[in-house]
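In the part that follows, the structures are each spelled out as structure tokens.
Paired with subunit B in one complex and with subunit C in the other, subunit A is shared by the two complexes that follow.
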Partner chain A sequence: MQLLQVLIGGISQGCIYGLIALGFVLIYKATEAVNFAQGELMMLGAFCGLGFSTALGLPYWAVLPCSVLAMGIFGFLTEALVLRPILGQPAFALIMVTIGVGYVARGLITMIPGIGTETHVFEAPFHDEVITLGPLVIGMEQAVIIGASFLLCGGLFALFRYTRVGVAMQAISQNQLAAYYMGIPVKRLNSLVWAISAGMAAVAGVLLAPVTFVHANMGFIGLKAFPAAVIGGFESLPGAIVGGLIIGIVEALAGFYLPEGFKDVAPYVVVLAMLMIRPHGLFGTSMRKRV
Partner chain B sequence: MPDPLLTLANVESAYGPVRAIRGVSLSVPPASIVAVLGANGAGKTTILKTISGIIDPQKGSVHFKGEAIHGMDPAGIVRRGLCHVPEGREVFPMLSVLDNLMMGAYTRTDRDGVRRDLEQVFGYFPILKERAKQQAGLLSGGQQQMLAISRAIMGQPELMLLDEPSLGLSPKLTREIFDIVVRINRERGTTLLLVEQNAAIALEVADYGYVLEVGRIVMEDTCERLREKEDIREFYLGMKDAGARGERRWKRKKTWR
Partner chain C sequence: MRFLFKTDYDQDIRLAKHGGHVFWYSLLGVALLAAPWLLSEYLLEQLVLVCIYAVAGLGLMLLSGFTGLISLGHAAFLGVGAYTEAVLVGMGWPFPLAMSAAVVLSAATGVVVGLPALRVRGIYLAIATLALGVIVEEVLTRWEDVTGGSAGLMVKSPTLFGAAVPQPVGFYYLCLGILVVATLAVLNLLRSPTGRAFVAVRDSEISSQSMGIHLAKAKTLSFALSAALTGLAGALYAHKLRFLSPEQFTVLQSVELLMMIFIGGLGSVHGVFLGALFLITLPQGIAVAKDWLPPAIGGAAGLQSTVFGLIIVGFVLFEPLGLYGRWVKIRLYLQTFPFYRKGTFRREKTFQKTERQR
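== the complex of A and B ==
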């Protein structure tokens, strides 16, 4: 039973990793650049949520969509104004710019007097509630994280599978030149991909905030979401979620059974093992062009 | 002669410092098939890419339906009725055949028209209907070429640019594809600008031809007359006139007369 309890904790943490990893994968698939600011986007999302709830006094359920919207706009503009001008430069340049965006985001937040350098409590209304399933006790916060992640994944799947815009995004990631030939507005859709990634980061941030507090350095969680994306193959959306869950569970188990300190190393050990066994990741594919 | 659908005037395009086409002028009358012939590196593909807005010309102008389209966004050009079938198929490998076709119709909003065109495309290439649910990357080369052409048809173009449809295909398959290409022209009234290395088949199906050498147009005429030209016969069709003694001791020079 104790094991199950630990597993549930790991799964809920893994969902957060998965959501951030999804952001990595989405942007990588669309633009072939790794967005190292993904963790910072999550941090901004959490601060957004904090702002909406303390300054505007919105209830928690209204904070979530508002933060998603705000971060979506932020992501859209970041792509359009910061990244698009350097399109066509080597991928290296793009990656450096995303790292820069992350630093700037963290710097700007800490510059807000009285808020940026503090650690804030962001309480959800269901803070103390628990679900009891026999001997099993699940915190409401964890249950909400798990539930929301699965809803979000379902929504994303439907978007990519059944909508014209979603299929077009897939098309762009598979063959950008051909997408141009078909008259698909590649640049606008790339901005939209950034908006979706940033929106998801906001969801992760607002969900995580009640568990870990809100502070300027919470974006470093991205460093653990990155291995999650690698495990999933970096090109697969379900892979990102599965990777996130694996990292979360491994971390939880390592924290429970192994001595202090192993918890933080465990995700990277898993990634190293994965890279040795399956360099393409769990869901990675290699597709060759037929001539 | 009616007003041309597409006119290029003195177009020069370059990849960085390399000038690929140097002052090309050509015109495509409506409902015709026009072929551009030329060897590797002559600049054929560059002409098409310049027309469809993938690269912007440094000089000169491109007019489509009387409107200047050079320097315009590729999506805007597609919306005006100009679709490009790129060299080497360039299908979306992980999307289903059907989704590939629907991407061709991305700029359209008339659902009924899209469905009608889909039926027509499946009529031209029944194999695509059979494989509609399969990933496009799993199709054979010939089927991918069919898909690429069909995808362009789905955009309901008035002018279709075809870049080397015979690339990597068997002679029989090339024949089949070109038969359909002619049918598309006759039945849908789609104007075609065709770029081909296979001069024999291109001169057979096209009405008018341009010959391109190192970025310049060196000859233009109706295809009937082009077929009779000595230079074309020897250098593009590979037919040699035997000399008086049954063999030739010299290498002929191109004169382009």
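== the complex of A and C ==
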């Protein structure tokens, strides 16, 4: 029974990784850029939520859409101002620029006097509630995280599969120039992808905030979402959630059974093993170029 | 303007292409040799750091700049080198032997990382190296019997020929000597078939394979050499810091190294030195600028990180070839003086070509 309890903890943590990984995957799928600032976007989202709830006094359920909107605008602008000029440059430039954006975001938040260097408590209204399933106890916060990540993943999957915008995004990812010739507004859609991704980071931030605390370095959790995205195959939306779950469960089990220290390393060991055995992840597809 | 009249194929691979090179690099060498008399002790210490970072940068440049493999875990090699050196010198090994051991061990680690690198590319490789970086950092923290864990590890002074190397002047010359040897080694490598193979692998894997380059061999060798150079830098770094703790070898350090070679200019040996100089002077510059800024901004904790981030973004957007690229532009402007055309280096309009199908 204790094992099941540990597993549930791992699953809810894994869903957070999955939510952040969804952001990576979305951007990678559509624009083939890897956003190393995704964790920082989540941190900004959490601070946004904190700002809306303390400064404006909004209730928790109103905070969520407001921060999603704010971060969406932020993501849109980031793409338009910083990433659009280097479209088509080598991957190195994209990696450096997103790392730079992450640095700036973390630095600017830290620079806000009186807020940036503190650790804040951000309580959800359901924060003491629990769901009891027989002998199992699930915190409401964790249940909400699990539910939200599956909902979001499903929604995005449907968006990519069944809507015009989603199909256009797929077209961009396959061949940008051809998509442009077919009349797809490539630039605007790229910005839109970033907006959606930043909005998802805001969801992750606002949901994670009650579980951990809000502070300027909470974005480093993004480093654990990379293994999640790789395990799922970097371009598969359901893969991101599955990868997140695997990472979360492995981490929880390693923390339970193995000596101290293995918990933090376990996700990276798993990802290294994955890269050696199946470099394209569980759901990724391997394509070969014809010469 | 200088016109080179080539009468011999050897002129193409000569290290000093013309008299100007000989003159200016000799002048630089003399200045560096005279530095202990010209600079204050504090500045000399900073110059030592520049030398050490430049050695590490040479390693990373070989991998990222010339072989085109991105590494987000180079701090791990730095850490392996530093800890090997510290532990072995602590056990009473002579400095040259301990340093060689550090280099060999780092290179071995590099080969281990190189193995997944044979199957993955681009972003996957970045994540594989990131994973290695985190694992090594955790090992350094947890293997307390050897590394001292988070409590840290004191490093003895280096001894050479039975006598302790005097600080700071002797150590400066030691670092400078190693840097010069490393630079010459890298320059020589780059004009040899192996180095040319690295560059070919960077430019196109498929065409290099069809030219008969053994891809796996080239990549593994690149990883090993890069890790060896970074381990060498780590060994010097250990003596420079005199106190090691795992927090010095985190992912942030790796990012800083990557930033250094990017700002210096990817794919140029000059870039390493410019980047190292930049990385060491920037925090000093920020510290000076703090006095001029209003206290609300100047006193804030995140100032350095913000400035670092802005500089990276600025370089990617406006000067993708880094400081060395800027110098190349200035040089061309001077060489062609009234006829410099503004659009010479303008970036071509590009669209994204998918990298998944390779």
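Observations on the model:
FYI, the second predicted complex is superposed on the first by the 287 of 291 C-alpha atoms of A that agree within 3 Å, B and C clash if a C-alpha of one lies under 4 Å from a C-alpha of the other, contacts with A are read in each partner's own complex, and residues count from 1 in each chain.
Note that in this section contacts are C-beta pairs under 8 Å (C-beta built on N, C-alpha and C of every residue); 3 or more make two chains touch, one makes a residue touch a chain.
Everything quoted here is computed from the prediction, not taken from an experiment.
Model built by superposing both complexes on subunit A: subunit B and subunit C fit together without a clash.
By the document's definition of touching, both partners, subunit B and subunit C, reach A:Tyr180. By the touch criterion defined above, A:Thr54 lies against neither subunit B nor subunit C after alignment on the C-alpha atoms of chain A. Within the superposed three-chain model, A:Asn217 lies out of touch with both subunit B and subunit C [touch as defined at top].
Once the two complexes are overlaid on the shared chain, A:Thr119 sits clear of subunit B and of subunit C alike. Once the two complexes are laid over each other on the shared chain, residue contacts for A:Val167 go to subunit B alone; subunit C is not touched.
Within the superposed three-chain model, A:Leu275 lies in touch with subunit C and out of touch with subunit B [touch as defined at top]. Centred on subunit A, the angle reaching out to subunit B and subunit C in the chain A superposition, using CA centres, is 80 degrees in steps of 10.
A count of residues in subunit A touched by subunit B and by subunit C gives the higher number to C.
Subunit B and subunit C never share a C-alpha pair closer than 6 Å once the two structures are laid over each other. Note: residues 174-175, 177, 180, 287, 289, 291 of subunit A belong to the subunit B contact set and to the subunit C contact set alike, using the contact criterion stated above.
Listed in rising order, the residues of subunit C touching subunit A in the complex are 64, 70, 115-116, 119-120, 122-124, 126-128, 130-132, 134-135, 138, 141-142, 206, 210, 251, 255, 258-259, 262, 266, 296-297, 300-313, 315-317, 320, 350-358.
Those residues of subunit A whose C-beta lies close enough to touch subunit C in the complex are 28, 31-32, 34, 82, 85-89, 91-93, 95-97, 99-111, 113, 116-117, 173-177, 180, 216, 223, 226-227, 230, 234-235, 260-261, 264-265, 268-269, 271-272, 275-276, 279, 287-289, 291.
If you check the complex, the residues on subunit A that touch subunit B are 164, 167-168, 170-171, 174-175, 177-186, 287, 289-291. Against subunit A, in their complex, subunit B makes its touches with residues 52, 54, 74-75, 77-79, 83-84, 86, 88-95, 99-100, 102-104, 106-107, 137, 140-141, 144, 151, 155, 167-168.
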